[in-house]
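Shared chain: subunit A. Partners: subunit B in the first complex, subunit C in the second.
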Partner chain A sequence: MRELSTDVVVVGGGATGVGAARDAAMRGYSVVLVERADLGQGTTGRFHGLLHSGGRYVVSDPGSATECAAENAIVGRINADAVERTGGYFVTGPDDDPGFADKFLAGAATAGVPAKEIDVAEALRCEPRLNPGIRRAIEVQDGTVDGWQLVWGVARSAIGHGAKVLTYHRVTDIVVRNGAVEAVVCHDAKTGEDVRIACSFVINAGGPWSAQIARLAGCEDVEVIPGRGIMVAMSHRLVNRVINRCIYPADGDILVPVHTVSIIGTTDVRAEDPDHLEIPRKEVQQMLDAGEVLVPGFRTSRALHAWAGARPLVKDSRVSASDTRHMSRGMSVLDHAERDNLKGLLTITGGKLTTYRLMAEHIIDRMCEQLGDTRPCTTADEPVPGSESGHNYLVTHRLKDREAERAPGSGDVPTDPIICECELMTRSMFLDLFEQQPDAGFDDLRRQLRLGMGPCQGGFCALRATGLACDAGHADATAATNALRRFLTNRWIGLWPILYGDQVRQTALDYWILQGTLDVEHLPETEEVAS
Partner chain B sequence: MKTVVIGAGLAGLVAATRLAQEGADVVLATKGLGGLPTSQGTIDVWGYRDGKRVEAPLDAVAAAPAGHPYAAIGVGAVKDGLAWLAEHLPDWLTGDAAANVWLPTAVGALRPTCLCQPGMLAGAGATRVVIVGLARLKDFQAALIAGNLTRTGRVEARAITIDIPARSGEADSSALTYARAADEPGFAAHLAAAIAPSLGSGEAVGLPAILGLHTPGVGRDLADRLGHPVFEIPLPPPSVAGLRLNDALTTLAKAAGVRVILGSPVTGLKAEGDRVRSVTLASAGHDRDLVADVFVLATGGFETGALALDSYGTVTETALGLPVRVPDGDLIGADYWEAQPLFAAGCAVDVSMRVLDAGGAVVHPNLYAIGGVLAGAQRWKEKSGDGIAVGSAMKAVAAIMGGER
Partner chain C sequence: MSLDFAGHEFARASLDHCVKCTICETQCPVAAVTPAYPGPKYIGPQAERFRHGLSVDHSLDYCSSCGICTLSCPQGVKIAELNSQARAVMKADHMPLRDQLISRTTVMGMFMTPVAPLANMALGISPLRVIVEKTVGVHRHAPMPHACSQSFMSWWKKRPEKPEGPRGVVVFFHGCAGGYFEVETSKKTIEVLEHLGFKVLVPKQGCCGLAEQSNGLFDRASASVLKLCDDLRAAGKDLTIISSSGSCTGMLKHEAHEIMGVSDERLRDVGTRVRDVMEFLWELHEAGELPEDFPRIDLTVPYHAPCQLKSQGMGMPALDVLGLIPGLTVVESGRACCGIAGTYGLKREKYAVAQAVGKPLFDMVRATNPHLALCDTETCRWQISQSSGVPTVHPISLVHVAYGLSELRQLIPAGA
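Right, the complex of A and B next:
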């Protein structure tokens, strides 16, 4: 067993976990973050992509709205390279109550959420695919955020402040002695080794898995119920702004343009197990009907991919309802000192990706309080690596980069082929990241590079990526082929529930290439042995 | 006799050419090119049955289960089709219809096919192989191919990569650009000079299928220069091997007197009683009715849009609105590697290739369907698409010219 020692262990590499690790590291603690898979593999990679302006909550939850408005500005600055400032509209559909817009405007004014009613004609001019039957339109400062870009930026910042980030390390035990946490034990999936990390404090940021993690410390009766939501990505930008229905928050009422696609969502259905979230056909149909209200002809546009994420709903009778000092809206904190007489463990779940930084601030404040420290939070002041310029990205950013490489005067002969044409990913982008993260699977690289996330869903680039991995010596043929099989298997999870229309055509072509021409299904199969 | 063939894939091209050779007046109306220019450039008949390798494809055809297109087509029409292709495309097709050959793919699997291009043949049964990658051709990754071929246990393969530009100033050249370069004199000598120093005795040389788009002898020339057997491996689209077959068949069709109307989808039909009188062609600016005695539907499968599944789960035949036979139960399953029942949907036909309705009655006595639009096959899993296309084309033409209506 490998041994490490640190002040704080953060469990979970989602937005909340990396945010907490960064915050604690910036306050001078030594920190180790452990994540059972890759960063952003949980809820943070299965969300809707909306950087809330606060608009959604101005009527239902004004406190949340105010927090979102403030954090929207901060995140847009410190995580600039993960954010696109698309702007957004709240629109009253043909059959929606036009009176809600008045409540909305009043609520926005009170909550401090910038919002301005505009002419319907102006909204339709800016967003021509929008339903011409809409009755009112309000402009807000919604943006979109790439969860993976954000998480990696925050993690790099934490590392810059001395934190250690261990991916593919699953927590298997939290060791308690004399009523206090003493160490965390993890299993390293890549080496098969166990790691014991001695520590004085543990932050459980396990999202919908946080009850399982709390149980490892003997806190048996924590109950977290996953609330499943599905999202469907359409093949291109049907709209360039976030489009929200101006109604009391409901299912399928937001369409978010993220990178080259637009995403409709979402639902909220109680699930059993956060590791097995289904995408029922019925809910897909519900999303398509909802999309049709915002953009007529939605059903005949091409659906690319679907996924599901889980909101953690904490059922806890022991949490004192009066104590909301340290709470961010929609976030649950379980103070295990108070609740279970166990020192050195705090559980934090819920909230929104938009407010990840604020949640981290609150939980690390609470940790400091318990440790008897008064170190101030500075996370809002410093951009993460890659965001120093403060420039937000535009949907065309990769096109601009590729153009620049090919422009006259930028060197004699271009040497960097484009491996994924849908997402303009070059060979060096792929190989450089592989170099930095040699343990990564293709899906891990995909999340950071968008490999295989465009219209062809890997039909063309999967083979190239496999070959490059082999050619550059990152994997032998067995490992590369296993990675290809896994990649195709995984892409299908989000593909088969939404197969209809033009995506069936694409799928037939992809099958013809991969199984028809290449015969991938008859490559020799070899079980992978952990090296 | 006036005939209209709809669709210019393998099925449509063969049917149109055969009809013209038999003296019919033929119009070939098509929305665009077929699957050939994107496919592997060999002629499959049946490669895998229930996941197992098929050694004798014609025996598999003879034993096709009811409901499979081959059950209606029969072994005779497939045999005739293969013989016809081999006779008419001697530069590009060779092989023994009775036995499959196993050829390396661009991911390093050994894949069964029936007829192949002469320049691919040395890949069958080669035991010591050098796979030659081109640094600027991203769809052919030599190390992966060599590694997987070695893993099959039947081949000992190694990889080398050479850097020969197809066009100056390009880091990223398509197979087509390379093939055009290889059509120019001097390219084979260039390749030979780059490869020769790395060869050991007794090794066969595997290259991406780029050795000439229209010049059949480039591979042989290279082999002579190297003194080693050379074989080509088909690539994903754009596939030079597939384009060769497509171009050769199109030339043949035109030479036989087929009139080709390109770029116009067929959008419907007009009937007189139970007979089709005309089909509607959506050409630029206005619709046009093509009147004929006989119509052959060769529009392909889901990949061309000939068959479609809408967001409510309904499958349709999109050109003429014909009845479709759809498998029972779930059409798409959760396992990528399993056959998806959806892709066996299509038109059901009788032994003359006339389209049937749900009750098994002929819909229009002068309307035939062939190729990818036919129900009952899992083509990419079986490796059966080409044989079904060619066989059904031969069968339909025999029925039409034999006067069976």
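Right, the complex of A and C next:
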């Protein structure tokens, strides 16, 4: 067994976990973050990409609204490269109560969320696809955020401040002695090795898995309920601003333009197991119907992919255990010294991606307090690597980059061929990241590069990526075949629930190429270590 | 600037149909000859997903707007339309003077006609063309219209009025080129129509705005096309409008609506009434109303169907009509594009691309008949004539001969 030693172990490589690791590292603690899979593979990567202005909560949860408004500005600055400042509208649909907009404006004023009512005609001019039947429109500062870009930026910052980030390390035990945490034991999925990390403090940032993690330390009754929500990505931007229904928060009332797609979400249903989240077709239909209210023609627009994520909702005695929609979106810190007489373990859960940094600040403040330290939080002041310029993401970025590669003087001939055509990812982008992360699977690279996330869903680019992985020596033929097959299988999980219209034609063409011509399914099977 | 013309939402929605099959890329005549153009799939449905107001991909200016991509797309993606719209946004802030000048076809014709010999001489002087290339950006070897001493309208006005024919009344739309540079084609079209027994009305008329549209000047082009609709409608209600200007009819039939989003009752009215002259003759044939007692013409001649004619979705009526003339063998070129694409091939930086695009066609034309070729649209004829050295005329010219209104030796000099 490998032995490590550190001040703090953070369990969970989502936004909250990396945020906590960065915060602790910036305050001078030695930190090891462990994540059972890749960074941002849980809830952080399975949301709709909204960077809240706070507008959504001005009536239902004003405290969260105020937090969101403050963090929106900070995250847009420190994670500039992951955030697009699209702006957003709250619109009253043809059948919605126009009176809610008054409550909304009053709530926004109280909560300190910038909001301004604009002419419906102006909203329709700026967003021509929007339902011409809308009755009111309020402009807010919603943005969009790429959860993976954010998580990797924060992780790199943490590493820059001395933290160690161990992905594919599943926690198998939290060792407790004399009422205090002593070490965390992990299993390294890539090498098969066990690792014991001696530490004086553990931050449990496991999101919907945090109850399972707390249980490893003997804390049995952590009640975190996975609130499952599905999202559907449409093949291009139907709108260029976040469009919210101006109603009490409900299902399918947000349409978010993220990168090249627009994402509609979401539902909220209690799930038993965050590792098994279904995407029921009736919920997909529910999203399409809701989308139709915002953008006429939505049902016949092309859907690309669907997914489900699990919110880590803290059980709230005020609402019934199955009503996850109305549980608090606020964050919760569980102090296991108080609850369970166990020193050196804090669980942070609830919250939202928008407030990841604030959640980290709160939990590390609490840790400092318990350790008797007074070290101030500085995470709001320093941009993460890649965001130093302060320039926010623009949807035109990759098109501009590819254009620069063919600018006059470079002979007009592109030197760096495009591998993923839908998302304009080049050969060197793929190979450079593979060089940095040689153990990565195609899905790990996908989350950082958007490989296979466009309309063809890997039908064309996955084969090219496989060939490159072989050429560059990252995989032999069998390993590359396995990687390809796993990638396609994972894409398929998100494809089958939305097989209608244009995406059926694409899927059929992809199937003819991959199966009809290449018989990918029947290539020889091999044993593999990693999953 | 934002894409706030109505046609854009329609074209943009069509990108959802793209399955990346790449058929458009294999058919694009420009991408086949230059790496400077990333191709219709890239610039169209792919790049469109990354566009939001900002203009960052200047390579799209290499698209010639020939429209072959839209025509060949099996999924119905409006590729060429997306490209034209994106180019309009790109050029919104910095339209080169050259593109503004060459798109003002009426103005060019009006200035050149009174001084035709001078203008033609000037266009023939190489040092002058070099200066024009350097200052304005029109390539020194690019085909230029040949100015006529008499405009079509001044010929028409001096003509004695014909009595109403037995077949009723039709309206003639001459187009800018047919008004100033290709006056012969206009005259012959009218003579054929009158020979068939139609009374032809020619209302005073302006430009359709096609050149402005293909250069991204949508505001001007939209105003031009609607003004033209008013002009043509002034001739009378429900009359068939006939033109020998193939690209201008395309503008009226579908381009103004599909590319620029012009949605106006006047355009709909004119668009449904306008017919290419060969299309009109073929409709007469199908109705059994075309006199077909043609004399034998023993001739083999190449015919090139222009891109803008193909995109009208009417097949190749010139081939059908000329097929009625005994002895005449018309060989369809089977080549994609002549390269000129309106004003594209005139431009200094595009000239070589346009020549490379057209080369297979020029070779075919020369090999088929070195003395005569046929093509329906003006700028394509100029390009083919200039680049292949083979005189190229509108197909109506052979119909004119077949009806005994002129002689073949006027098209092909004796001994050739």
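In the analysis below, the second predicted complex is superposed on the first by the 508 of 531 C-alpha atoms of A that agree within 3 Å, B and C clash if a C-alpha of one lies under 4 Å from a C-alpha of the other, contacts with A are read in each partner's own complex, and residues count from 1 in each chain.
Throughout what follows, contacts are C-beta pairs under 8 Å (C-beta built on N, C-alpha and C of every residue); 3 or more make two chains touch, one makes a residue touch a chain.
Every value quoted in this text rests on a predicted model; they were computed, and no experiment measured them.
Applying the stated contact rule after C-alpha superposition, one finds that A:Phe460 touches each of subunit B and subunit C.
When the two complexes are overlaid on their common chain A, residue A:Leu468 makes contact with subunit B while staying clear of subunit C.
Contacts of A:Arg299 after superposition: subunit B is touched, whereas subunit C is not reached. Shared-chain residue A:Gly112: touches no atom of subunit B or subunit C. By the document's definition of touching, of the two partners only subunit B reaches A:Gln515; subunit C does not. Legend: residue contacts after superposition of the two complexes on their common chain; A:Leu499 is shown touching subunit B, with no touch to subunit C.
Of the two partner chains placed by superposition, A:Gly192 touches none, neither subunit B nor subunit C.
Ranking subunit B and subunit C by residues of subunit A touched puts B first. Legend: residue contacts after superposition of the two complexes on their common chain; A:Glu403 is shown touching subunit C, with no touch to subunit B. Of the two partner chains placed by superposition, A:Gly162 touches none, neither subunit B nor subunit C.
Of the residues of subunit A, those at positions 413-414, 460, 505, 509 touch subunit B in one of the two structures and subunit C in the other. Against subunit A, the residues of subunit C that register as touching in their complex are 2, 4, 9, 12-13, 15-21, 34-36, 38, 41-42, 46-52, 54, 56-59, 75. Listed in rising order, the residues of subunit B touching subunit A in the complex are 35, 38-40, 48, 105-111, 133, 136, 138-148, 150-153, 161, 168-172, 234-237, 239, 301-305, 308-311, 313, 332-337, 342-343, 379-381, 383, 385. Listing the residues of subunit A that touch subunit B in their complex gives 285, 288, 299-300, 303, 413-419, 427, 460, 463-464, 466-468, 470-471, 476-478, 480-481, 484, 488-489, 491-493, 496, 499-501, 504-505, 507-509, 511-513, 515-524, 526.
Of all the residues in subunit A, the ones that touch subunit C in their complex are 125-126, 128-129, 235-237, 240, 260-261, 297, 301-302, 394-400, 402-403, 406, 411-414, 421-422, 424, 454-456, 459-460, 502, 505-506, 509.
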